[in-house]
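Right, one structure below, let's go through it.
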Amino acid sequence: MSYIVGLGELMLRLSSLDSERLLQSAMLNATFGGVEANVCVSAARFGLNARYVTAFPDNALGRKAEELLLGQKVDTSCIVWKGKRLGLYFLDMGYDHRPSSVTYDREYSAISEISHADFDWDKIFYDAEYFHITGVTPGISESARELTIYAVKEAKKRNVKVSCDINYRKKLWKYGKNIWDVMPEIVEQSDILFANEYDAVKILGIKSDLDVDGVINDEEYTDLMERTIKKYNLSSVITTKREVKSSSYNIFSSKAIMNGKLYKSKKYDINNIVDRVGSGDAFVGGILSGLYLFDNPQDILEFATASSCIKHTIYGDWNITSKEEVISLMNSKGSGDVSR
Amino acid sequence: MSYIVGLGELMLRLSSLDSERLLQSAMLNATFGGVEANVCVSAARFGLNARYVTAFPDNALGRKAEELLLGQKVDTSCIVWKGKRLGLYFLDMGYDHRPSSVTYDREYSAISEISHADFDWDKIFYDAEYFHITGVTPGISESARELTIYAVKEAKKRNVKVSCDINYRKKLWKYGKNIWDVMPEIVEQSDILFANEYDAVKILGIKSDLDVDGVINDEEYTDLMERTIKKYNLSSVITTKREVKSSSYNIFSSKAIMNGKLYKSKKYDINNIVDRVGSGDAFVGGILSGLYLFDNPQDILEFATASSCIKHTIYGDWNITSKEEVISLMNSKGSGDVSR
Amino acid sequence: MSYIVGLGELMLRLSSLDSERLLQSAMLNATFGGVEANVCVSAARFGLNARYVTAFPDNALGRKAEELLLGQKVDTSCIVWKGKRLGLYFLDMGYDHRPSSVTYDREYSAISEISHADFDWDKIFYDAEYFHITGVTPGISESARELTIYAVKEAKKRNVKVSCDINYRKKLWKYGKNIWDVMPEIVEQSDILFANEYDAVKILGIKSDLDVDGVINDEEYTDLMERTIKKYNLSSVITTKREVKSSSYNIFSSKAIMNGKLYKSKKYDINNIVDRVGSGDAFVGGILSGLYLFDNPQDILEFATASSCIKHTIYGDWNITSKEEVISLMNSKGSGDVSR
Amino acid sequence: MSYIVGLGELMLRLSSLDSERLLQSAMLNATFGGVEANVCVSAARFGLNARYVTAFPDNALGRKAEELLLGQKVDTSCIVWKGKRLGLYFLDMGYDHRPSSVTYDREYSAISEISHADFDWDKIFYDAEYFHITGVTPGISESARELTIYAVKEAKKRNVKVSCDINYRKKLWKYGKNIWDVMPEIVEQSDILFANEYDAVKILGIKSDLDVDGVINDEEYTDLMERTIKKYNLSSVITTKREVKSSSYNIFSSKAIMNGKLYKSKKYDINNIVDRVGSGDAFVGGILSGLYLFDNPQDILEFATASSCIKHTIYGDWNITSKEEVISLMNSKGSGDVSR
Amino acid sequence: MSYIVGLGELMLRLSSLDSERLLQSAMLNATFGGVEANVCVSAARFGLNARYVTAFPDNALGRKAEELLLGQKVDTSCIVWKGKRLGLYFLDMGYDHRPSSVTYDREYSAISEISHADFDWDKIFYDAEYFHITGVTPGISESARELTIYAVKEAKKRNVKVSCDINYRKKLWKYGKNIWDVMPEIVEQSDILFANEYDAVKILGIKSDLDVDGVINDEEYTDLMERTIKKYNLSSVITTKREVKSSSYNIFSSKAIMNGKLYKSKKYDINNIVDRVGSGDAFVGGILSGLYLFDNPQDILEFATASSCIKHTIYGDWNITSKEEVISLMNSKGSGDVSR
Amino acid sequence: MSYIVGLGELMLRLSSLDSERLLQSAMLNATFGGVEANVCVSAARFGLNARYVTAFPDNALGRKAEELLLGQKVDTSCIVWKGKRLGLYFLDMGYDHRPSSVTYDREYSAISEISHADFDWDKIFYDAEYFHITGVTPGISESARELTIYAVKEAKKRNVKVSCDINYRKKLWKYGKNIWDVMPEIVEQSDILFANEYDAVKILGIKSDLDVDGVINDEEYTDLMERTIKKYNLSSVITTKREVKSSSYNIFSSKAIMNGKLYKSKKYDINNIVDRVGSGDAFVGGILSGLYLFDNPQDILEFATASSCIKHTIYGDWNITSKEEVISLMNSKGSGDVSR
């Protein structure tokens, strides 16, 4: 089986325990996460081959991160060991009406300072079918932006399909460029796009009078996304939909235009969210894996949505589940009976 | 006061903490549980005399199990100390749309290999009024099946009433017999039966065209259960009803045919389930205790339902509550105000 | 900025962890709380000056309590170090349909035995604008009752406005007086009153045929409270409203008569309560702070209600939040999106 | 087998975790302990019959204490359920050169206020051979002093042998009497005495010029203790010897005059003490059990010393070990090999 | 670099926390360990290629074990996924004068029932230089004995050197054979032998009048081991020496006859042992790695001894350290300064 | 009482729990520490006035650090809230023969980039008697070096005595200057110097043929330090002496030249070190406090040594003890008896 390759930043995440506020006690939970790595972990757990590319400092943090990736069966052989520090972030985990809040401490990280010349692109794309990239990496630093664009070109050169998740993080993009100046060039070379109405209009420059923060009907959605597909020559545009009742309660589903048709997943009432971080990546990992596992778009979308739904119940960025569990949920009427 | 006697298997339960997946961290929570022991603990906590009969290996696990039963005021004097190992199971505790999953490791356990000749039946049934038995024990092994049937006969010989919970576990019954071949013989000697529509039709051979996994109205239910009562010469048939929204959210109630009449409990919306395992046993313990505590069937059913409702909020198999707390819930309109 | 002064008892609270029952494991969580101290902490976190007055024994518990108050920027310089013990209480934290239960062990505490002569009232009320007092302190002991009334008079003497929260605790008031004999004298000297319909009728002697435990419409409420205001010469009467679905699920809002007009806050569905204890004090602290932060009563009420809503998600008596977080919630349509 | 009966106070012990200082984090470890109860637990674990007598308040703390005693197979049937509170103490567990420190909060406890008339002395001493009492109980309050003396007389009346441990606690004895005024009357009726040189001279009034805090040779020791035996008509005087290098490192042994002869145990270098509290009681429990298990005094003393040595490695007041483990240690040359 | 291959059983180890006794609280620590796997992990951490061969059941336990091995960079590609259960053991971790105690629950494990025909021996020994085997595996069951001997022959067939650790476990060998009947056949085909005086005389049949449990001088040792080498045609015999002061305090060193000469390592006073389990395997892993890393026997022995010394400070069976740390310790005069 | 002022960097310290290796589990312990802050905390706990000056970023970490300092009664009013990040370090806590290891991640911290112009020096030195500075701060960055020297000059201008601790950290000093180029200028303006033989010869340029890493006799020591005092016009030179047996076992004492005379403290065998980090600062804090508490140099030295000895038993950088506890240890013969 060919490989899914992801490139980006993996950070140490330091988060409060259970329902505590950050540093309410002296205990912190340390996991590792980053959008592209999370996608690779999902894909690997679903039985695909996944290769993650990044730069790690050669210290206790970098080595632990690699240990954990290896445990998930992600290929780490293209990681470059160079740089001074691993980016990190503090997560004050939200609960009910108290929202989660992220404090980034990721400047000067290994990935933010590395150059494309440090990587072996032939090795990276060896036997690769998909290359997954997001709007996070080019938001980190000027050199990370250059690295991203260089990587996408290297992928296309080798006929590797590009999957791009817009993933707009307002707390990034401080180095002088805006996301709307950068992403169009990347999306132009992409095949699969993860983007919602806001992204299409505000970042990718699709003209529209719609209120992109409001409710949009299926026709409006289809029209907007088909114009996006056309403009950027994409094969599909996919997005999750989330009605946020509180930090602990979301109504979750997804939509896609695939093969020129609108698909909508079933909706999940998620009342007792454990950890929402990484649920978007569990969705993306579900789509990329679903392309191998299923023939029809509806199944692919349902698989990815169920994958993401399960992620909401798992602590940490990674979706510690299996193909069997996800399929069981996507096929279930209810869910939650004890298997014994 | 006379005794409620239970016989069966007590296992070490190793479960994940909080919302973790099994072995996500290196910490496991070790409690002890088994359906009949759970019933005895409930009864003892509600002020009745309860005696639990099983076989324990004479090692650190068996001794700890006895220590904890003694702390609950369960009479352990008829436990036989013989056998190589205590059965155990790993519980990947479900959360929201992720279901719980049990991995049994109970083969070759002390109880699965012991013979009825190892027990002192006079001592076991001394001063006993009820003997509680389930469909779990005869599913463990051929010798456990024989032991169960032998025990039921010993009980009847001494005019001890038999309470039987079908408790069908699909992961058991691997030794060559099916539950529908075994349970009828046991139910024939029972007085009180815990069984639902599925059990009546599929296991106890009551003829019916009903869809036993679907919705059944009160008339259909009453008809089915009255035929069950008649066929097996029972005094009552009782069952819990559970609408599973997710692992964390169930709507819970119960139904019974007692004294030839249908009774239905109030319904509880249980939104934040802590631990559902053992909640059926907390219900059974509530019924058997209710028979002592109340005169009318509706009260007995409400007491048992409230007992089970509280169990959903308590970690571990045992219902760490009191008669007063259960009565307070069964009588409350709302619930949940702080008592201070 | 002038000071908000609170006087009362701070206790060590020993509570069960997570969803455990009290002493189910050997681990207890030790925090400190008391209604007036909780109010001071809220005020200090919202940027006001707050001074807390009490008596502490000079031992490890008293010193730890002071350390934690200092960390919250509460002025502890008027605390008197005298007395044998710190009061304490055990909290069996409720969950879902299992209610919380408090076991007090607060008799003979330092505050219950101290005399008004031990305090320096000039220092206590130096630069003070509000003095907050509750119905808890006079319920502790005869001398605490005397202390409370003495303190209120000292406040009035210095033109410090008095804020009084009825806070009826049925497990107190064992020393021979009833709350309805004591509170009227205190409320007479108050400016701001926190009381609901029950308090007005049953404790403050306002005549009414209303069912004070039932549903009361706005007109009835307004009439009752305006008569309370008139009788006791108050500036406002304020109360929280709580529909208790379970220990984990409350629908929460508030009402007030301020400037002769009825105000009602928005309602919060709080589905995943972490710790409800102290949420009333977070509301009071929100009102007293809101008086400084906002001009109009609706904003003050919304700020206090959002403050209390957040408190439900925080473990311990103290509302570990900030003015910014509370304002963000009071202005939000939904809530719970990750800020990153 | 006849019973060992202990009477005294059981307290809730709230101690810091691991090497933390008290309340350095918000976590406390809650166990139950009291000198006479600890002795009963040791005896019960060594296979003897043990009955513990005290007064418990009928609340969550009292009930948990009983549950744990029952788990240790201690007979709790003579406990009186009366009184307002369970005494408690905070333990700042020492480590290395930092000593442990106890903050008592035991005034007004159930046992300190109960009268001898509340107990059923015939039931208490039914089938009893030894009654164990210490200098702790009469130091609590005047009524506890009276209770102790009354109980000793009731024991003697029924020919139950009295075992008395001086156990001088300087933080007690605040109610107006001194230990040297009280203990002689109790020791006069005792058979076995646990006391060291200090106790003999300063509390029991044996005349001596020895420096009772210094080093005393065997002859001096023998002379002093034989005079004690003679004066009080005892069968034996026994004591532990402890060279305190630090909180974590003690050199531990014991001495006794039994049958008119001096016996000395082997010495244990205990370098990594986990919890020293209760080690004296584990010794006493070892002696009282040893009287049943062994014929010669040296074995009795070695058994008790090994029992106490093991206690130093066990967290909590109770000596969670077995007869087999203690015998294995008393017979070992080295110790500490893994048994696998 | 060529591979070190280990074959044996990996078990789930359930151990008590810190200084607790097993099940004193409900928390257990779950790690995975087995002598040959531990050796592979050490080798992999020291930079060698290591391949571990065993049988795992295809369940949550087997999959977690593989995840953790992969994280340690151990090649798991030859593991056979077959069998009903993973063996497990409970570890009551010793402390000071309280010894550790192991309760095995490993019967019917996957490895104990598998046949040599289930393995692909060409793949197993591909590119292998050493094959490590111990006396544990043939002690499990008759079929495991056959498997071990078959495997050794397959290794020799391919010119892979055999390293054998006697590792006598008295709690095994219950299936009808004794270790002294089995190991000679295995040692005959070995090159490197890990064995002490006891093993040589009692298991390998070397004639001697020495007290193998007592003190043996260098000449006696050398004579005994040279006769062992000669009889079995070995290249070296190596052993650790351990003076057990207590569970927490060992004096640790090692000895070897290599190239016909006696070598002795320096001695380590290990006063604060964290976890001794696996320290012998950390030594073996150190020797096998040392053969690659160093030229002279003294360095190899010092490296292995320092590796084992560090293992005593690490919780779990695996030696979570690095080549650099071990070399730093073997070269240090003292040890323990903070590197900052 | 006048103030002790400290200026430097406070970092978040993320350390492994108990005996775990860093990130062996996902749990980290988060405390705050920095050499000068640690000194201030000690002084404040001993009853002196202490003011800590630094720069904090205005985020969750800075605010928590201030909260904890306030709890220790350290004056934080001169802290400047400016800068992007709080420096942090990861501590792999050593155990026995495994040394502790620090991974710094402190570049670009608030204090490393701030200018002296951001501080209000009059406010900082208001009512100050001592200003404590170390060799850590000037090792961070060029601007931190400038800030240190500027601060020392501002102190001298106001007749504030300067206390300087050399505190050589090899992992710092990466910005282009060496410690021996920088510290002499600072020491020239100091009154009290904390330095050992190595520091004197290698950093402060005192000529000597002594082996500064070896054993030095009292005469040699006195001669060396008196020349240091003379060259730099100091009042005293003080140092701790540490014989490192392992990470868990140090023999600890101190030496000083004060008033022209050599003083030596008693020696402590510290066998069970909990946390050595900050013990040097606990010593410095003890000296500066001792100057207020005692008249003669021997007492000052013994107080500081006992303060540091206790710190070794306390987790975290701060010496959570009291004047009374330290005096009790300095006066004790043994130590470690339970106070009850």
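To keep things simple, chains are lettered A, B, C, D, E and F as they appear, and every chain counts its residues starting from 1.
Methods note: contacts are C-beta pairs under 8 Å (C-beta built on N, C-alpha and C of every residue); 3 or more make two chains touch, one makes a residue touch a chain.
As the structure is a computational prediction, the values presented were derived from the model and not from experiment.
Between the contact lists of chain B and chain E, the overlap consists of A, C, D, F.
Here the chain-to-chain distance from chain B to chain F, counted in touching steps, is 1.
Under the contact definition, chain A and chain D share the contacting chains B, C, E, F. To find the repeat of B-E among B-F, C-D or A-D, check which pair has over half of the same contact pairs by residue number; it is C-D. Most remote from chain D, judged by the distance between CA-atom centroids, is A. More inter-chain C-beta contacts link the pair D-F than the other of B-D and D-F.
The chain with its C-alpha centre at the largest distance from the centre of chain C is E. One simple way to say how far apart two chains are is to compare their mean CA positions; for chain A and chain B this gives 45 Å.
Centre-to-centre, using mean CA coordinates, chain C is 63 Å away from chain E. Under the contact definition stated at the top, the residues of chain C that touch 2 or more other chains are 18, 26, 101, 271-272, 316. Every residue of chain C that touches chain E in the complex is listed here, in rising order: 25-26. Remark: chain E residues 18-21, 24, 89, 94-102, 104, 169-171, 243-250, 271-272, 276-277 touch chain D in the complex. Interface residues of chain F facing chain C in the complex, by the touch rule stated above, are 67-68, 70-73. Partner chain D is touched in their complex by these residues of chain F: 18, 268-274, 309-310, 312-316, 320-321, 325, 328-329, 334-340. For chain B in complex with chain E, the residues that touch the partner chain are 14, 22-23, 26-31, 59-61, 64, 84-85, 88, 90, 92, 101, 103, 105, 107-108, 316.
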